[in-house]
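See below for the structure under consideration.
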Amino acid sequence: MARKVSLFVPCFVDQLQPEVAVDAVTVLRRVGCEVDYPDDQTCCGQPAFNSGFWNEARPCAERFLRVFRDAETIVCPSGSCTTMVRVFYPELMGAGPGHDEAVAVGRRTFEFSEFLAKVMGLSDVGATFPHTVTYHASCHGLRELRLRDEPLKLLRGVKGLKLVDMLRCDECCGFGGTFAMKFENISVAMGEQKADSIAVTGAEYVTAIDPSCLMHVQGIMGRRKDGAKTIHLASILASER
Amino acid sequence: MSSAAQQFLRDAAAKSADLVHREIIRKNMESYDAAHLRGRSRFKDWETARRRCQEIKREAINHLDHYLLQFEEKVIAHGGHVFWAANSAEACGYIRDLAVSRGVRTVVKSKSMVTEEIHLAPVLEEQGIKVWETDLGEFIVQLRNEPPYHIVTPAMHLNRQQIRDLFRDKLGEDVADADPQKLVALARRKLREAFFAAEMGISGANFIIADSGAVAISTNEGNGRLSTSLPRIHVAVTGIEKVIPRLVDLATLWPVLATSGTGQPITTYSTLIAGPRKPGEADGPEEFHVVLIDNGRSGLLANAEEREVLHCIRCGACLNICPVYRNIGGHTYNTTYQGPIGSVLTPHLRGSDFQHLSYASSLCGACSSVCPVNINLHHHLLHNRRDFTAAAGSKASGRLQFRLWRIAMVHPRLYAVGGWLMRRGLRLLYGLGLAGSALDPMRAWSRKRAPVPLPRRSFRAQWKKGMALTGAAKE
Amino acid sequence: MASANPSREQILERIRAGLRVPAAELEDRRFEGQIFEPVQNPLERFQQECKANLMECHLAAGAQETSAKLAQLLRDLPGGEIYVQDEPALRRMMDAVADGRAVRWSTEGAPRETSQATVTLADALIAQTGSVFVSASCGGRGASVVAPCHIVVARVSQLVPDLETALRNATAEQRLEKNSFACIISGSSRTADIEKILVQGAHGPIRLVVLLDLES
């Protein structure tokens, strides 16, 4: 019987990088999942939460829990948004009834690569991507969700893909949400250091599990006219040529 | 925005763009990273070591009064004095009065962040007392009349030529080839005169040990040794949170501190001072004073969530790993404690003027991942932000924007329309070549980065148009 | 005392008030690993660590060979006063090897700045970190830091495997009740404050030498 998966699409993916979610759906269906998308979802609330406005973030969380109440398994192509739900919702909801629900929903929420590699135990999802690729270890996925091996395992299962190690692959790209705007100069400097690390690898593509990291790095590399291109892990795994 | 915050933004902008600075810090940190990794490999189980250190500090902080009293009792029994200072003024006042009453003309100091915190040196200098920083890095920044750049490596931002020039100008001796060995030898010669002439030595304390009534001081250079051996008065200045229960706790804390700070298995001189010289001892100070400083620390105790911030052993690992610190450097923080621990602690010790430090972080969590006492530093930054916006009430910057944002986010149609309008509007604007201009609401992005992607259709629109069954996106 | 330091009671009261709020829970995870690999061969480990610490370690079989090695070390030093811990074993040794060199004993006072070397015993040696554990009873504070060369005359029976053992022993022996000072020394003085380049011989000795008698 096909596994039922509800797609949780981060607001900025929905609006700015929809191809990431489209490709995630392709991959999930290819490995035999039945994918549905609760189309009244909006945002997990992370921007308000990170800025300290927990009272504005809480209604988003409550909404999320309502929208996904009956979802068996929730999959999200973003480490930071998955972190928001699994790691921070219980704290945000405080010591009330919402707390237990937040914990329960959190347990059913997985980042995309985590779901494929850990929950479904896959390493080969039928993808082909004959290019050199280097991996950026997005902070939330790495440190909050403790995903280090899962994305790499999936990348190694891709036909034709040559993985090139990046020095300081776990150093923050500098996006950090509103940080990128509020502390523009520091964010750009961090992004430049990341772009330098990417350039040293000589890889054609840099990939990650967080679309926001890739958007930030693309902004820096695009301005500098660096050679490498960004591509989300889901898009690599969706690729069949 | 406080003036401190405005200054921070200016300094951060300047330092972030300074490529020479970036390269110096990168090289220094590369060297530290390698040493740190080697250091951790000497542990069989690093995570257990961190947990053990966390438990030791937790025990100490959660029984702070008990352990401080035990420490005090023993110090007094050994013939020492203990002074409890509520704040900087009281601490400086005690030390100044002591120095003046004992006719002190020269002081040698080993490294102590808390003496920076209370601004001790100027208070003594006002009395005509010459204060010598004897830690080489501190000596260097003292000659330059600037604060330490980093809590463990105060002169990290300087290269050997700059140090050679400094010594030539301030010490009157030119080490033409700027050889580090010769520069160190010059500093040693100059400071030796100070060590032997000084009437008072002032040290900090890495730990104060309750069961032994002793102060533990870790140095590599030996300056901490000389400062506490030669002068006739020794004053140890410490925050109240430095206490640990037992001498044997150092078996874990010392190696962990050294590994996190510099990658060493243990610092060269792990010194224990338990009082003034005893009858029959060959040498040592006649007087021993410990100044215990509160200066806002006891306030953190009442906050159960934030209490663990007092566990910090001041190793510097969080500074070293922080990508923000690596780009803006220590001076930009403009506070005694820099980097992640400084950003967490300073708003509590010095008030809301420094809240901007809690926001100047991408919350990457690298700090928490290296903290040897498992302080969840980046989560504390989140808590600071939450508490600050709550305290600022209606005046919190961004409150209106987030209120509007929330209204959109709880109404899916509003969210969808708002998103579509935003993309449409920006596409129009960027099409006119106005990306990054004053009219661009995203100019804080587009000024220095290629503009964000602006697709014609959101995922939701594509899904509604037929992905539900076939999974193929129709453009 | 209360009147001389009114803040004392205020600070204690603030601490007690703060601690009435119970502590946050500690994450419930099992940590049963050993922090350090147990030291299998202390003598071998001590020698390895000495080397890494840029210390010198000379082994000797018995009192006579120890004296001979000390004599050799002193001969190789520039001329000048030697400061020695005043202790019967060292008195005997120095009688045999002083060779006309000026000796200042610790009972005469602190070491002079012009000392070429100091000679002391130790309270213990620690294999884990290649350390020498000294205290005020080993000739005072300056004896292990003032001169450019510090020579430690030690016995293999003083060698303990690790820091934990050394500190437990120090606690049991009440070392810090009997001494105002103790120090675990793990190398020659050094600094990396200039460009993170290691330079030996900052303010303390540039040479730390351990003479280890294997027969006592």
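Labels A, B and C are assigned to the chains in the order they are written; within every chain, residues are numbered from 1.
Just so we're on the same page, a residue touches a chain if its C-beta (ideal position, glycine included) is under 8 Å from a C-beta of that chain, and two chains touch if they have at least 3 such contacts.
The structure displayed is predicted, hence computed values, not measured ones.
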Remaining touching clusters (ignoring subunit C, no chains moved): one piece
Far-end chain from subunit A, centres as C-alpha averages: C
Centroid spacing, where centroids are CA-atom means, of subunit A and subunit B in whole angstrom: 31
Distance from the mean Cα position of subunit C to that of subunit B, given in whole angstrom: 30
Chain centre separation (subunit A, subunit C; CA means) in Å: 53
Residue ranges of subunit C in contact with subunit B within the complex: 5, 7-8, 10-12, 14-19, 21-24, 26, 29, 31-37, 49, 53, 106-107, 109-111, 113, 128-129, 131, 136-137, 139-146, 162-164, 166-168, 170-171, 176-197, 199, 201-205
Contact footprint of subunit A on subunit B as seen in their complex: 9, 12-13, 16-17, 22, 26, 323-324, 326-328, 359-366, 368-369, 382, 384-390, 396, 398-399, 402-403, 405-406, 408-410, 412, 415, 419, 422-423, 442, 444-445, 447-455, 457-460, 462-464, 467-468, 471, 473
Residue numbers on subunit B that touch subunit C, as the complex places them: 27-28, 31-32, 42-45, 47-49, 51-52, 54-55, 58, 62-65, 68-69, 78, 83-86, 90, 134-137, 140, 153-156, 158-160, 163, 180-181, 183-185, 187-188, 191-192, 195-196, 211-214, 220-223, 225-226, 228-230, 240, 246-248, 250-252, 254-255, 262, 265-278, 281-284, 288, 292, 294, 298-305, 307-308
Sites on subunit A touched by subunit B in the complex: 9, 11, 13-19, 21-22, 25-26, 29, 35-37, 39-43, 45, 47-54, 56-57, 59-60, 63, 139-140, 143-144, 170-172, 174-177, 179-191, 193, 215-216, 218-223
